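These are the structures in question, set out in turn.
The following pair of complexes shares a single chain, subunit A, combined with subunit B in the former and subunit C in the latter.
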Partner chain A sequence: MLMNFDKLGAWRWILSGICALMALFLLLPILFIVALSFGNSRWLIFPPPGWTLKWYGELFADPRWLQAAFTSAKIAVIVMVLSVAIGLMASLALVRGRFRGREVLRGFFLTPMVLPVVIIAVALYAAFLRLGLNGTLVGFVIAHLIVALPFSIITISGALETFDPSIEDAAILCGASPWEARFRVTLPAISHGLFSAAIFSFLISWDEVVLAIFMASPTLQTLPVKVWTTLRQDLTPVIAAASTLLVLLTVVLMIAAALIRKGKSR
Partner chain B sequence: MLSFLTPARRGSGLGMAMPALLLLLAFFVIPVAGLLSRSVTEPVTGLQNYETLLGSATYLRIFFNTFLVSGLVTLITALIAFPVAWALAIMPSRVAAVVFAIILLSMWTNLLARTYAWMVLLQQTGLVNRILMAIGIIDQPIQLTNNLIGVTIGMVYIMLPFMILPLYGVIKKIDPAILQAAALCGATKGQALRRVLLPLATPGIASGALMVFVMSLGYFVTPSLLGGTANMMLAELIVQQVQSLLNWGMGGAAAFILLVVTLALYALQLRLFEGKAR
Partner chain C sequence: MTSPHLHINGIRKTFGDVVATDHVELEIGEGEFMTFLGPSGSGKSTTLYILAGFQDPTAGDIRLRGKSILQTPSHKRNIGMVFQRYTLFPHLSVGENVAFPLRVRRAPQAEIAAKVKRALSLVRLDGFEDRMPANMSGGQQQRVALARALVYDPPVLLMDEPLSALDKKLREEIQYEIRRIHQQTGVTILYVTHDQEEALRLSDRIAVFNRGRIEQVGTGPELYASPATHFVADFIGDSAFLTGELAEVKDGRATLRFTDGTVLADVPMHGVGAQGGKAELMLRPERIDLSDTVGPPGASLPVTVEDVTFLGNNSAVTARTGWGEPLYIRLNFGHPMMASVSRGDKLHVRWQPQDAHVFTKE
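And now, the complex of A and B:
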């Protein structure tokens, strides 16, 4: 009765109502930022007295925003490639390896996801002070790789677990070399896992704030760091414009991820 | 039989895990261990950093804030998430798909963008204050940012998906026949809810609650933007000690306490739920 929507009676409307309110609660602030970014009120009055593209103009006129976005993209792409490559190797070891302590190793690989990122940030900052890596591209990449890798490993090993290794054996029996079998049979079979891992890793790096605040220098900063430092000064609508572009990118990547999932289920 | 004979299998032993292992050892384990060790060696060897942290009212207040906000956020998200997850589990799947899309969109929207939205919505002249005044609940704008109210609202917004999704997974797996049986045996809806559905959903509520609580304890961005320096939480204390005061001993000690609490709660979660799953 309680698990059948049609037989809930009046409760059905209460549940639907709560669900709709929650969805609005999650959705409206995002639409609100998009609306603000086109509003002409510097004091963020809502609804805005008129509409304008001025904040986007300011955003694109300031080379620091563009530079930060470029740095973010560069770091996120490097992190994405490394995270998928290292994650794939680690997943092969975790799913197919035969060695003692495999479960312990799996748990260990996931710890950066469990630990508060602020602890990792402060610890890495201290280590990088000694190594001279703060404020460098390498520093950013390492920091983001540490937090992206667990997601990559989860996604790729999930895909590997559903792939029957005897198909790879079949390819070898049919004359493929082991590496050929791996590259031409296994990799295509788990490609949806690799793509999801790539999208996750990219987004994690692209959106990451806490580590980036510590790694940043006045000359090298990512987009979230630029948003963060601007936010601490004032709530200018330029941030709404930047946020809107970020939301747009998220939507595009989410659709890409959904298409990959759909392709896999076919 | 074949699978352990072929060379394809031989190559994927421990060696393949080496890059990830070395990376995490060099840039995760050693730095974190280094940070924690500084809590007992700086400025001088001993436990004085912990004594200061746990012995002064200023710092105890920060611990109190952290646990208060995390507890409130957990409670509120659980209260909202239960009916929502329940509705999602039994709704027509087309409608549920729309709600899921909204949940995922919100989850993956840049954290700073979401926090910015709430900073604007909650400010003195913001929309929330204006709506509350328009419907006559308040006469004058109330302070909603730079205090723990703002932090709690912002954190509930961010943590909701993390409560809904695991809870949905648990409720979806409940066999509708069990509730049908309850109805056949004469249970009213209220009784079936209290004595059948809620107990069956409890593992999901507890696991979601633990996750949200642990994540809230170590949260930095939202508390620091919506809470202001007067209402610090633990993560902000760590950053302040290290970044502004260069007091690595105190920062390390605060980090150690956060780490111990986090790991203890995760261990609890593993014991409670992994054991049951098997």
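And now, the complex of A and C:
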């Protein structure tokens, strides 16, 4: 270690303080929104003069919000399944394969991570215009899949790299056909990677707004798009309530992902 | 003649320009413990992988009980294998690991339970069924791997340096266990190691590998007493080599002349060498004697003592021949020379005729 935290003396407190401030800075807007969603002022006054669950009531009473949430969930689930399935196959090729251009292919798969999302969005919008995919479920799924796949490939490849292929060979000599060995041994052994990939893929789609704005139509929009469009018409605390629920699901899934990782390292 | 249990018939395997194994020819009897011994990269693992079906030979055949198995895919060969690396299935308990081969064979539950129990008992891990592999030591994991490979009664068990990741003491302990398991089950074992002590301790017969070829096959004592090549003599036991010229070759016996004119007549020779060619005389430190009187011709050389080191139950003596090559002699405690020998003494080394070997040198 370059620095030993325990030996830093007074610096230790200063560093801890800086970290706490950073965390607060990052978390504050979210805490702010959560507080506002329970506040009884229509004008988003902070601190709220009183507390209420009214905005949640309005949220659940409005079919357009529910429709958007349902669309979001549907897209996120489809993206999750496809991202894990394709990510697994791509990872098998990238980790196990011995072919020319493997590194180039890996780089290619990971480019959506470094490309500005808005550029992907514009490019897809233009391409989908010809294909008639804008405003369709398929369009949404493809767009989100493009940004989710790199994360899937990174996590699954990581799990696969720590899995010794000799273990699969051992299963085969034990009498399992190559496919049986993959399904009964390799997949369960890298399941933590598959679960992490699934959670991250779901979340990426669930939270994504830029691509979604480009893909959305008046009849098909996701929750983040609904938040965004509502925001432009009318600054209601219902938005805060919707945002709070959005964040809540994200937090729950992040904790699940963290637990999976911890379970693996135990 | 009945066909051997396992016949490795002229196996050759190349990877591009690299020849991994060549002309590997070996017959293994049922219940035999055969070890492939050789340095790293000599083609031992490649031969095992071809048996396992993970690699196809470039040429040659493998016959098990008289039938070629090369067309049979790995998972149908019914062969057992313990790998160098730990290969327990990490998500399954010890019991389920051992049960795995029986489950894929769709054996009835009662039979599985009984066989798993018996296999774990065989490797002395009774009651470990519910442990997870991650919570076991390397030695325990390899023993579970052994149980898993034996639970379906394979006709051949392959072991590729299964103990190389363990420390010396544990290694010896498990070697002893492997020996007991071999005797108890009568399974035919093909064992790979680069450790001569391990090979000698475990095997009925040893095949010495060098650069993709088998140099010699034999029991430990055979390899030690009559090595067929320089490589085998060097690899098994301690040895010193003295270089000379072939003065005469007749009926597998040679007369050697060394650079200072010393002549040794009538030494058994291995390999083909023509008169005038170079050859080496091999002598083992523990098979030669030190004396102040000259021995019979062909089994004695004059030397000058250079160094004596007392090692407890023996003394290691370094001597130099008349033409300047070093020779090592081991004197057991109680040897008459042991007390008196000292630096600068001019003495004679003597040996039994069968303990000297001449190898021709290219």
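Everything that follows uses one rule, which is that the second predicted complex is superposed on the first by the 256 of 266 C-alpha atoms of A that agree within 3 Å, B and C clash if a C-alpha of one lies under 4 Å from a C-alpha of the other, contacts with A are read in each partner's own complex, and residues count from 1 in each chain.
One rule holds in what follows: contacts are C-beta pairs under 8 Å (C-beta built on N, C-alpha and C of every residue); 3 or more make two chains touch, one makes a residue touch a chain.
Computed from a prediction, not measured in an experiment: that's the story for all the values here.
Trainee: Check the residue A:S166 against both partner chains and state whether it touches subunit B (first), subunit C (second), both, or neither.
Mentor: In the superposed model, A:S166 contacts both subunit B and subunit C.
Trainee: What is the contact status of A:P116 with respect to subunit B (first) and subunit C (second): first, second, both, or neither?
Mentor: A:P116 sits against subunit B, while subunit C stays out of touch.
Trainee: Of the two partner chains, subunit B (first) and subunit C (second), which one does A:V104 touch, if any: first, second, both, or neither?
Mentor: A:V104: touches no partner chain.
Trainee: More residues of subunit A are touched by which partner: subunit B or subunit C?
Mentor: Comparing touch counts on subunit A for subunit B and subunit C gives B.
Trainee: Where does A:A189 make contact in the superposed view: on subunit B (first), on subunit C (second), on both, or on neither?
Mentor: The second partner, subunit C, only.
Trainee: Should A:C174 be classified as contacting the first partner (subunit B), the second (subunit C), both, or neither?
Mentor: The answer is second: A:C174 touches subunit C but not subunit B.
Trainee: List the residues of subunit A that touch subunit B in one complex and subunit C in the other.
Mentor: 166, 169, 172-173, 178, 181
Trainee: Touching residues of subunit C toward subunit A in the complex: what are they?
Mentor: Residues 52, 54, 73-81, 83, 85-92, 100-101, 104-105, 145, 148-149, 152.
Trainee: Residues of subunit A touching subunit B in their complex?
Mentor: 1-5, 8-9, 11, 14-16, 18-19, 22-23, 25-27, 29-30, 32-33, 36, 43-46, 86-87, 89-90, 92-94, 96-99, 105, 108-109, 111-112, 114-120, 122-127, 142-143, 145-146, 149, 153, 165-166, 168-169, 172-173, 178, 181-182, 203, 207, 209-210, 214, 224, 227-228, 231-232, 235, 239-240, 242-243, 246-247, 250-251, 253-254
Trainee: Quick check: in the complex, which residue numbers of subunit B touch subunit A?
Mentor: Contact set of subunit B toward subunit A: 2-4, 6-9, 11-21, 23-24, 27-28, 30-32, 34-35, 38, 80, 83-84, 86-92, 98-99, 102-106, 108-121, 123, 125-127, 157, 160-161, 174, 176, 179-180, 182-183, 189, 192-193, 196-197, 217-221, 225, 235, 238-239, 242-243, 248, 251, 255, 258-259, 262-263, 266.
Trainee: What residues of subunit A sit close enough to touch subunit C in their complex?
Mentor: 164, 166-167, 169-178, 180-181, 184-185, 188-189, 191
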